[in-house]
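After the structure tokens below, expect a handful of questions from me.
As written, the chain order gives the labels A, B, C and D, with residue 1 at the start of each chain.
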Amino acid sequence: MRTAKASVLENFKAPLVTREFPLPENVETGAALVRTEMAGICGTDVHLWKGELPIKLPVILGHETVGRIVELGEGLEQDWTGQPLNVGDRVTWNSTVSCGQCYYCAVKRQPTRCPQRRAYGIGYRCDEAPHFLGGYAEFHYLRPRATIFKLPDDLPTESVIGAGCALITAIHGVERTGIEWQDTVVVQGAGPVGIAALAVAKSAGASRVILIGGPKARLETARRFGADEVIDLDQVREPAARLDAVRQLTGGYGADVVMECVGHPSAIGEGMEMCRDGGKYLVLGHYCDAGPVLWNPHVITRKQLQVFGSWSSEPRHLKAAIDFLRANQERFPFAQMVSHRFTLAQANEALQTTARWEALKSVIVPE
Amino acid sequence: MRTAKASVLENFKAPLVTREFPLPENVETGAALVRTEMAGICGTDVHLWKGELPIKLPVILGHETVGRIVELGEGLEQDWTGQPLNVGDRVTWNSTVSCGQCYYCAVKRQPTRCPQRRAYGIGYRCDEAPHFLGGYAEFHYLRPRATIFKLPDDLPTESVIGAGCALITAIHGVERTGIEWQDTVVVQGAGPVGIAALAVAKSAGASRVILIGGPKARLETARRFGADEVIDLDQVREPAARLDAVRQLTGGYGADVVMECVGHPSAIGEGMEMCRDGGKYLVLGHYCDAGPVLWNPHVITRKQLQVFGSWSSEPRHLKAAIDFLRANQERFPFAQMVSHRFTLAQANEALQTTARWEALKSVIVPE
Amino acid sequence: MRTAKASVLENFKAPLVTREFPLPENVETGAALVRTEMAGICGTDVHLWKGELPIKLPVILGHETVGRIVELGEGLEQDWTGQPLNVGDRVTWNSTVSCGQCYYCAVKRQPTRCPQRRAYGIGYRCDEAPHFLGGYAEFHYLRPRATIFKLPDDLPTESVIGAGCALITAIHGVERTGIEWQDTVVVQGAGPVGIAALAVAKSAGASRVILIGGPKARLETARRFGADEVIDLDQVREPAARLDAVRQLTGGYGADVVMECVGHPSAIGEGMEMCRDGGKYLVLGHYCDAGPVLWNPHVITRKQLQVFGSWSSEPRHLKAAIDFLRANQERFPFAQMVSHRFTLAQANEALQTTARWEALKSVIVPE
Amino acid sequence: MRTAKASVLENFKAPLVTREFPLPENVETGAALVRTEMAGICGTDVHLWKGELPIKLPVILGHETVGRIVELGEGLEQDWTGQPLNVGDRVTWNSTVSCGQCYYCAVKRQPTRCPQRRAYGIGYRCDEAPHFLGGYAEFHYLRPRATIFKLPDDLPTESVIGAGCALITAIHGVERTGIEWQDTVVVQGAGPVGIAALAVAKSAGASRVILIGGPKARLETARRFGADEVIDLDQVREPAARLDAVRQLTGGYGADVVMECVGHPSAIGEGMEMCRDGGKYLVLGHYCDAGPVLWNPHVITRKQLQVFGSWSSEPRHLKAAIDFLRANQERFPFAQMVSHRFTLAQANEALQTTARWEALKSVIVPE
């Protein structure tokens, strides 16, 4: 019986531990076994580690993963786009799968809210077979109906992991919000989601993107990704001053679209005021429940706003992301987001580097 | 010099007083003088009386008015729809006028946010000529560029005033939100805006409208206007119980569209939970600033909501309202909303009846 | 071995013939066997019979069917909406099934254009097992993944068949086009699709629907379904006169939305002129290729039109149709559309009655 | 009495002749007199010269003009965006003005279809004062309510005239059609409208634009403006071959959006087939009536298309164009489109150069 290693979250807030589990003896119909090539550390992993989301332990974290196919189950012959799949192919996949049949999938066409969804790296215990259902491991098992994408040879793994789930989250969010040609856009936040939202906005027709965040290194990344203006949180510390700055940059009116990529409830009130009247606000950073905040709903009426929420993403967003990353490696160098690399044995350190906001993007390379 | 009477708000929270002002000697080019036939009391008038909005006194309140043309200024020959205007015609008009040229009017097509807007019955002092710029008076002066609508003979004045600014507010709000064919809709609130939102939703394709509010008499009106279900606030006192009730009526999912017509910030959090995932929420009742509330923005992301705000209305909404009222007198009997009538001398009593929530709609008939 | 009867199209333009085929010995996993209760004759069946569509013979026609479940394959426990399915349940179903995975289903969300679709009553030869894949037969086999809907007891079979595929076609078409609250609508055509489009438009917010068609009996049906105005093709014979009539009924401008439910190419140019400038045109009746027509595309630019096409429908449209039919039996009496009933042995006569335009809706009741 | 020269179209198909007219003695309230700096020759001018549009002669052609203010009427103190206007300012303007009050302007928000519109260079006889209402002249009179835009110093006149009315036409057309992020787009036509549509599409989120046209020099311009692929009409002569080429470049499906910028009716049928199913088609080149064509409307249904028309443009499009030109002089070098320059005396030659398709853009520089 073959076994393989994984880094396991056994207790919240305790260090990840390396464990060995048996590899599946045979791969089910429609499933696949993949050797992990690179796994990204997402900010959500930090929240999971702290026990801020209701998950069952033990878990192998990691929902941003690239690997090479080791074994293909019967009937799994094509990737999600119809390309042939073979052992040895380098692939990535969506961390969740919608059922396609339920009220949300089929009647209301909101498949990201399908109650059947369960995410790799989050929603599966690893003490039950097939064990390998998270990225921080030597292997990853892809269950039947997984939506798999063969990666083109000219797209580096670093690009895919550097973009991570932040990019597909941003693509979905911007799609729901709708950026019109030549809109001015404010991005609140300079983390991976903020940088991704910036890239999508710039390529979606925005005439000008103002990014608010910090620290300095991230703002330089934002500049590198085409931010027209940056507002440094360390320099412009008061919300009123930031609002002033945005108004000055937008003819006194505020921006057409403001996208929250922060995750702190206090950003919401500030961001809505940054919209011009009749503008749009996207709540993109509140995947986790960060608690309530004092907020005045009168702003919605007074400024005649539209506010959009967006949960996770669909396979078509991952397809679009891969095409986009491939075509824009120069303009939007997501590969450069990978700032810290660790071995599987160092997985805990990788996670802590992200928790301490030291890394723009930490990754695990199991080898 | 001719004079006429008006009921004037001279001090906040003090009784309205009857005053006499000179009528304009001549009517400007493009303007008109109208003899007031009926003036509606709007809930906003109560807020104005209490000093909750930043206005300059003295003011003649009243922004929902029907009158007959007494004098027409040079060049004013047609109403907003192109019908000929003559002395004696019964007319109504928008309480505000947008400039048509500014950033909000012309570039962003959000004319309700035009900074030039100033409302009859709210934004004009009455101690300056032409004095008569509010409804609680024997006459009303219509300034140049006012958007005037000649009323068809078969549409009673009671219908127009019974619908009041609530109907055009609801029409604009529903337009911004978009009700899809066969949507289930929840209306929070049984005041004039709630009843109007119900009527618009029912006629805009909703398969089912659930109205939440009180007291009993208003719920009976809601039934009369076609509410499929009503939830009585006096009987279902807990937000959690109301949420349960809505879920039971919507297959466990929540409604496609929820429309807030309450004006209390606490309604917002409750109402958003009543939306199905991927649903829409309209903040329609927050014309006044009723202060902040503890609220968790995570709901926007988790339920993947769309939230819409809507400020005031445009002339085209008043045109649509007139056509709608005329064609639906049986189905949506807005004339029956007029529950209390007062003379101009009784204007203060009319206002207090509204303030005490005794009237569905109080009106002043100057005679 | 059990057998059952079907009426078979063996040669184009030749009479249908009754044949006997073996019933499936066992029902596959996820499939079902249904005893036909009523089968509708659709105008498309006439086109199929004439050989105007590229199908392979022999075929059992009939894609509008209601039946009772006789046998359920393993795993088929719920209908499309999640209701439990049992032997004896009265059901209907979509005539086609999309794959859910392909470019059109998943990337572009146009599942009606899925290349995997193959329609019962059109796309399956009946000389191969399981034979019973059309409505004109004693039994109907539902293949795995069929989208089945249990019918509520208070919804008569006549309503479902009376509405037929015309209703779901109209629901999809109106959804794509979008009727705004209080729009004026013109429907070109008084056949089943025209009547269904009228019903959907009236319930979707149209203030006024003008229907153009004939003969007289159908126009009476249109009136019964709420047409505000009808224009009789037998009386207003010239396109220019019809255009005049529409303009007179719409303030000289034309309608906000015009919906073609005719199927003759000549209706297109006439209908586009009936739109107001900036209006919308829906091409709904051109499911079959009726050949080219002389047409001037300048009208699209000059009138600044939007034109929409719509192909077939999705399961969610059938769900909506069932809910709609059930809730509106009085307002839109689709059951009364069933004008002619035939036994299975009379299937050819049923088809010819439809071909000769004698029936509003012919049906087959096998017993 | 001061006079000035203009080049006048006195008889269709006859050479333009230079005439002298009196300059207005005083400029009306709200009007302005401008000294022409550069006037563009538009393809429409050729149609006008040929008598293909119903205009009254004599006319000073020219509806794409930049000039410097010589005299300002009373009350004209700001440009359309609120910037102060002074004598000496370099300005451009919309060739038409909508009334802002009518059914199309105010009720239906389709101001380009306002019946009050009358275009400089097209709709005004020049034998009546104020004579100078077209671009081919030493001076241009701007009537009250003209929508004037002060040009920023860093935006060359050549950019504005090089873009001409083609750019604002394309901006409006793309706005109506809606390009989604990463859409593939086909542009039919390599004239000024095609090049402008390409620029707008590329900057509006298209992942890839395929341009079909000729001759070679224009295709090089298309490449310079970012066309990802060009299909040379001189090399790929058969419609079927062009359709094949588009399909091969789009994964076999066709493009998400196809934009017709040709003006020949035959392009329509070809272009619609180039759309993927569920795709969008923009008819942008049919400003003139080029007659009917044999066309099969079945394609609309079968491919489930959306088709959009777009007439002229609004002031906000000109504002957007100026901002866009200024910010993208490197990426989209519209100034380089100006290929031929002529004096006012050579106006007829300028027009003929355009008529003979020799110029990408001819311009007149009066002195």
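The working rule: a contact is a pair of C-beta atoms (placed from the backbone, for glycine too) under 8 Å apart; a residue touches a chain by one contact, two chains touch by 3 or more.
Predicted, not measured: the structure shown is a model, and the values here were computed from it.
Q: Please work out which of C-D and B-C is bridged by more C-beta pairs in contact, and write that pair.
A: C-D
Q: How many angstrom lie between the CA centroids of chain B and chain C, rounded to a whole number?
A: Distance between chain centres: 43 Å.
Q: Quick one: which residues in chain D touch 2 or more of the other chains?
A: 103, 109
Q: Can the chain contact pattern be summarised as a line, a ring, a star, a complete graph, or none of these (other)?
A: Topology of the interface graph: complete, with all chain pairs in contact.
Q: Once bound in the complex, which stretches of chain D touch chain C?
A: 103-104, 108-110, 112-113, 176, 251, 253, 265, 268, 276-278, 283-311
Q: Going by the contact rule at the top, pick out the chain A residues touching chain C in the complex.
A: 80-82, 100-103, 106-107, 109, 314-316, 319
Q: Spell out the part of chain A that touches chain D in their complex, as residue ranges.
A: 171, 174-175, 179-182, 200, 203-205, 207, 320, 323-324, 327
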